[in-house]
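The same chain A turns up in both complexes below, where it pairs with chain B and then with chain C.
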Partner chain A sequence: MKVDRRSFLAFGVGGAAGTALSPLPWKLTDDLSIWSQRWPWVPIPKDGEIRYETSTCTLCPGGCGIAVRMIGERPVKIEGRKDHPVNQGGVCLRGAAGLQYLYGPSRVRTPLKRVGKRGQGQWARISWEAALSELAGKLKALRNDGHPEGLACITGKDRGTVAALLKRFMTAFGTPNYFGPATSTHALETAVRTMTGQEGPVGFDLEHSDLVLSFGSGLLDGWGSPVRVFKAVSHRIERHAEVIQVDSRMSNTAARADRWIAINPGTEGVLALGMAHVIIAKSLYNQQFINQFAAGFDAFKKIVMADFTPDAVAGITGAAPGVIAELAEKFSQAKRPVALCGRGRGMVPGALSESMAVVALNALVGGINQDGGLRLLPDPAYISWPEPVMDPVALKGNQAPRLDGAGDHPVFSPATPNRFFDQLRENAARTPAILMVAEANPLYTLRDTQAVEKTLKQIPYLVSFSSFMDETARQADLILPNHMFLERFEDVPSPAGFSRPFIGLSRPVVAASYNTRHIGDTLIDLARRLKGSIAAAFRWTNYETCLKETLGRKWDGMLKNGYWMNTAASPVSWNTLFKTRSGRFEFNGEDMAAPPWKSIHVAAAGDSSAFPLVFVPYDSIRLASGSVGNAPFMTKTVPDTVLIKEEIVVEINRETAGRYHLAEGKKATLATPRGQVTVRVHLSDRIMPGLVAMPTGLGHTAYDDFLAGKGVNVNQLIGPAKDPLSGYDAAWGIRAKITKA
Partner chain B sequence: MKHVDSKAKKYGMVIDLDKCTGCGTCMVACMAENNVPFKKDETDKRLSITWMRVFKLTNGKPYPDNEICYLPRPCQHCEGQHTGHSPCVSVCPATATDYDSETGIVSQIYTRCFGCRYCMGACPYHARYFNWWDPVWPGEMEKYLNPDVSPRMRGVVEKCSFCYHRAQLAMEKAHVEGRKELKEKEYQTACTQACPAGAIVFGDLNNPEHEVHQVAQPDPHHHGRPKNPNAFRLLERLGTNTKVYYLSSREWVRRAGDNYLDSEGSASHE
Partner chain C sequence: MSHSSDPVSPEGNESPAATSDTESKDGAVIILFFIIGLAASMVVGWVVFPTLLYSKKYQPVSFNHTLHVKEVENGCQSCHFLRKDGTFSGIPTLNSCKSCHESVQGETEEEARFVSQYVDRNREVPWLIYSRQPDCVFFSHAAHIVTAKMDCVTCHGHIGESDRSPVYEVNRITGYSRNIWGKSIAGIKHNSWDRMKMDDCSACHVRENVRQTSVQTEKGGCFVCHK
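Our next item is the complex of A and B:
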């Protein structure tokens, strides 16, 4: 048969068409996918029956109720508890990523003893027995030398039984050097204490307010108990309530608020007093409250009328006098207004007078303990252990002055950890022999990171209780890893800003995955090893029995419901609320030498000619900026206008950027009086001119590859500014300059 | 032709952009539910697998008149002009993605996919992602994987499934209890459940009693175009007939959802 050109082509085309119509191509594609995909290293998760365990999340002070989906003994997902009064079903992205912390590579899996140089990351795995006897030996030696005050402790939590046990340990041991955290919650509580005489948590009745005026508080950026605040802000639409956000850049909160008032950063308190001026001048305040329940109003009025006129306030804040008057009128005419303080997430306490100004504004409209207003909550006061009996060594040690200087200011603030490091720098002779760090990461969270690191290195013996290999743990001599929150019992009292008396219960949903121990058990064990009066102060067999005994009659209900809430308690009326000596609300605070309003405007440090711009850190819900950093899923959500590869992106007003010849996405050098870093710039139409804004929560040097080495820690660029009234860190920013790299 | 049950569902979503805060919880809840992998560097967003992604829209005005709006984007589960004519389903040579006329969900069958990525090219919403690498769960994170969703491997495309495994679980439960129909909130996606702002509503668009139907008011004569004046769908004029509706009280946001050249006008609100 002759194959000519025509039949060859016909055969070829016909063959191709025939193959295409046959099942062969489909079979081949199917086989191809099977051959290319069945790799043995793609995991097949073990299946089983689904059940839910409830607990309380402790990744932030929000205290949300969580429901953990379990397959057998394996937790597979964290969801919000629908029947929980705080978060009512929602969860935040951090809570949703919680299991990544549980099984992540940065967990400390066993007690570790440093073998290499400090911070080198060379460890020997040791047993709990060896670790505890080593620490007990060092502690005994301190007491034998008669200097128990050489032991100091920094903790990131100051509520609940774990904090109380730590504090008790320090007292029984004989040292006053127990430093809790200092956040905007603490500054607000200090302000409320000096103005009302009330000790205890402060809440905001956001769910019933018809006008929420936020002085820079990041309602949608992680302030308070985030899920609860998100719900309150989002459901205001149905309630026809309004949210007004005062902020120097358009935060997520400002973007979703009904109105955004841009003012110069750090002048929120001044604006509050400017509003007070208008309210007083136009007699818009609550006459009944001022006449019958307030003291010091005349002195307050005199200062506000003289120094905080709309024109003067406009000059400082940059808000127009008309806007100040309008805000004041709106605020005083709302039925249930509330003013909030604490910048961003509230990690920095700020000047005491700023919190006081916001409390005063709430008081002017009679918004204290009223529907939709500021709530003074009774201290749940369920921890009523007998005072530890101190032996002579402990008695003497407790007389020593505190190393953080708390107490040598007009208003006593419970802790000022930033000043601990400042004071050691000034006087190295006072360096403690042993520093214990629990649920805190000062090497990351405190201002002026470089200086803190240098000072920390002077301390001869550093003990960390961290569950994770964080910046501070990496410098430690000994790590006694705590259980992760899903592995342990803990009481979680007073969710930040929650408006009712509340105690949550965190409980183990999974057996400890590694060779870790509850910090409560570690302390009880240590106390036993130290014998004598210290052991006598810790008579509990273990932490769980301690917690059970402490909660007493509440325990069974908490075990069943996961929380205790006092639903019966209605807010105390003005008649009996104020525990000041006058029995009234003190506008200028009690025991102040002079009214506190002079220190309200904290200027940014630095010379304005060398540093013409102002650097402001900002908080974002997608970046955890506390002691525990982001989980990988969280970092995955960070947009590329914040992080590009390893480089942090700063936000700068488009016009300002033009003046410095900066282009979108291009590199620049950012310098402040404290440090200099290379950044990329994002030109923004949502930030005031003259500012450079950087997100908090990046720039970790520890943790895993999913977090370490990405971006810059804002604390490298800012130093603390000491508030003269309280000693709190009042720095909200610093002067800066930026140049094209 | 497939037989279409008269009680066929059309699961869909309404996302209220006035409530969305841009927090990103939906993204993380989705990742945790669906065993979505992650890498050391996720800043190249073209390579970052996010079944649900929150976009940031802007009105483009200079300071201080600039405004933003966050827009969460799951797979839009397009129905097309006639049932199942979704952009991706039409081009898949391996039938790895299919339109389920019982639920209206566009599926993705990983073991059938051989990675040609035609569907990614066809999808107008960039809702599909390719696994360029095998997933790696560091530490012991493999322990938290959800057995109801199979982990994917290198070389396949993946996308939002409206948490179809949750529909299966709910239907199994209903079957055991002798019910034929699911209750309204019985089947919810992970993002809907997690949203702290309550911005997402999920349900059967065919069921007039369901909130999604009542809010979006889909017009059956115009391929489900919303009758609610504040509601819109993304790129309405392409005729993709999507099942994700958005609500916004702001005109510029609604216009941005139907993004065309100025001269072309807008289809959703003529």
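Our next item is the complex of A and C:
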């Protein structure tokens, strides 16, 4: 038998025929197609019984009720609570992506002590015992030296028991240097306090208003309690209400408003006073309110009539005199009008007189504590702990002047964290020995990032309570990680801008994933270690008992419903509302040396010949610009007119771009007096000529690969501008120039 | 062409008889090789391939359905029930088992092992699921057993009458149970429960004339099961 080439061919043909007649190719094809659907990185959700745990989201000051879908002990989805009065079933992009914060790689998983150089990211994992005894030792040494005021604290929240515990700790320790946040909400509350004498949250009854006039407030860009505001704006059609947006660029809000009034950036307050001029000139104001319940109207009238004529206002704002008059008439003739303030999301307080001008406009039409208007809410005042007893060291320390200069201004503002860093730069001798940072990320959120970083590095010992490895935590000497919001109890009072007295309850839906601790428990433990009067001020066994005791009779209902709301309270009438010495609404504020309206127009810093353009940051619902950055899913939704791969895109008017020979998508160098960055440009007709707009919330240098290194942080390019009345940061932009790269 | 009668063949000088003999021999060899190739590949395709394709796994605990069905009142649904929200409970969790097996009840070794390894340690049993479909398939038990009033046997066969857990054969490529493709590698099906591939779902849906659009999205075709 001769085996040759043909035999092999025959064998091959036979093999092929046999294979075709066997199930092998068909089965293999089928299996391979199924295999290609089972890549190991494709997540397959866990199967099992579904239940819901309710809580309150604390990712922003919105205070939305959330229902967390659980399978077993694992949360798999965050939905809005349908029976919640604030968000009524809705949830924002960030809330929906909230679980990524729980499982994301940027969590700080255990107490960390710095071992390398500052900011190098070299850490030793240490036990809670070691971490707390180290910090307690440093704190004791400070008091032994007789300088407890050398301890300072920056916190991102100033409401609720956690903030109150921090503040109490500082007071009992002996330092006045507790700095809460300063946002447009704080500026508005300060304005309301000085005009009405009322302390407490301020709400807007958007659901019942028939004309919402927004002075740059990003109603669809994250302003107030975002989901509630979204709902109120989208339901306006059924209510036959109207939304008018005043904005220097066509923001999402402007695009979806009934009318967009484009004005020069930073002139919103001037426009409000221009409208006041028309309302007064035409006697369109609420006679009863002005005659019986207002004070200082004549002085206000005099200034407004002299300095804010439609022509003068048109010159500053760029809005035509006819438009100003038309707006004023429309606003005063509406049944339930309301004017809002706080640019974009309201992260920056702005000049106090801007907030005052908007409150004054509401007052002119009698829109205070009326349906659809501005609401002064009673302070829920449920935190009624006895004042901490201070020992002599603490008493002396508390006498020291505050390092943020709050109180140095005609109007007392509760906190001006931006001023803290400014003051240290001016006088390095006042640098505190220890800075604690809780739920704040000043190295990212405060203006002039480079300067803040330099100053922060002067502080010998930095302690962070952050749940995430953020920019500030990365510079810390010690990190005492807090539970993240799905792992902890917390009271969440007064959702931003909500029109009723309200306290939400955030509660753990999942056991702590890592070796973290509630900041309340950390403080109680620290106080105990410091002994004496400090320990005496913190007698609670743990945070949960403290919260339970504090809420008292409200606790059971809150555990059941997830919130407490005073539905019975009707707005206080004008007769008894005003707590000023005159008992009336003070148009020019109380205790002002002169009417505040001179400082209303804050100019952009910088030399206009070297920097011919104006740089304005803008907020977007897709980008979290607070202390905690975007969750990965959020960044996925950012369009390429904002971010192309890692590069930031700035918006510029087509005509302005032409002047600088910039083409769509091309690279350019953007410079301001504070810094210089490379950007790509997006040419647009939706922005006024002469402006360069950049989104906030990008340019993180810390966190994880999903967030770090994408885009530019606007705060690198802008410096703070001190409002002379309050010390608040009043900067809304800065001068800039752009050149082809 | 009949050159064979010509004594002088232009093609060669071998005798015609010798040529035909060699040719037929060569032909036989070729056919032999063809058959060897055919047979070998058939053996590979029908016997070796299925053996290699599936690996055998055993349930962590061998479960006696016959015994349990006798003890419960409501048949299969006593343990495999629809939850209040309409989702299917699937294999019971340890909690359900615990209500009887807090301590050892009978005399079998399997039960003793189950109690000591899982109940005492409060560990869920990692049961292997014979009927697990790919995650891209949306399957509602409620639609089949409540709306269509189908019984369990139609799809799951007589598992409820078994006294030990069958061997779980897992497809090394796809990771799914052999029960989906069926025991027969040729895909031959005698009973309704022998195979649970997509074609089997759609054949039944067409035959029973069920709604051909998705309840959720109103989209037709694929979207009934692939949402």
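In this section, the second predicted complex is superposed on the first by the 698 of 741 C-alpha atoms of A that agree within 3 Å, B and C clash if a C-alpha of one lies under 4 Å from a C-alpha of the other, contacts with A are read in each partner's own complex, and residues count from 1 in each chain.
Here, contacts are C-beta pairs under 8 Å (C-beta built on N, C-alpha and C of every residue); 3 or more make two chains touch, one makes a residue touch a chain.
Because the structure is predicted, anything quoted here is derived from the model rather than measured.
Of the two partner chains, neither chain B nor chain C is touched by A:460.
Once chain A of one complex is fitted onto chain A of the other, the partner contacts of A:11 are limited to chain C, with no touch recorded for chain B. By the touch criterion defined above, A:2 lies against chain C but remains apart from chain B after alignment on the C-alpha atoms of chain A. Once the two complexes are overlaid on the shared chain, A:32 sits against chain B and chain C alike. By the touch criterion defined above, A:227 lies against chain B but remains apart from chain C after alignment on the C-alpha atoms of chain A.
Touch criterion met: A:47 reaches chain B and chain C at once.
Shared-chain residue A:146: touches no atom of chain B or chain C. Of the two partner chains, chain B is the only one touched by A:262; chain C is not. Set side by side, chain B and chain C differ in how many residues of chain A they touch, and the one touching more is B. When the two complexes are overlaid on their common chain A, residue A:407 makes contact with neither chain B nor chain C. In the three-chain superposition model, chain A touches both chain B and chain C at residues 30, 32, 34, 37, 44-45, 47, 50. Contact residues on chain A toward chain B in their complex (touch as defined above): 26, 29-30, 32-34, 36-37, 39, 41-48, 50, 71, 74-80, 87, 89-93, 96-97, 99-100, 102-107, 220, 226-227, 230-231, 233-235, 237, 250, 252, 255-256, 262, 513, 621-622, 632-640, 643-646, 653-655, 684-689, 704-706. Of all the residues in chain C, the ones that touch chain A in their complex are 25-26, 29-42, 44-46, 49-50, 53, 83, 85, 87, 89-90, 134-136, 171, 173-176, 181, 185-187.
Interface residues of chain A facing chain C in the complex, by the touch rule stated above, are 1-3, 6-8, 10-19, 21-24, 27-28, 30-32, 34-35, 37-38, 44-45, 47, 49-50. For chain B in complex with chain A, the residues that touch the partner chain are 18-19, 21-25, 27-29, 31-33, 35, 38, 40-45, 48, 50, 54, 56, 58, 61-64, 66-70, 93-94, 96, 110-115, 134-135, 137-148, 150-156, 169, 190, 193-199.
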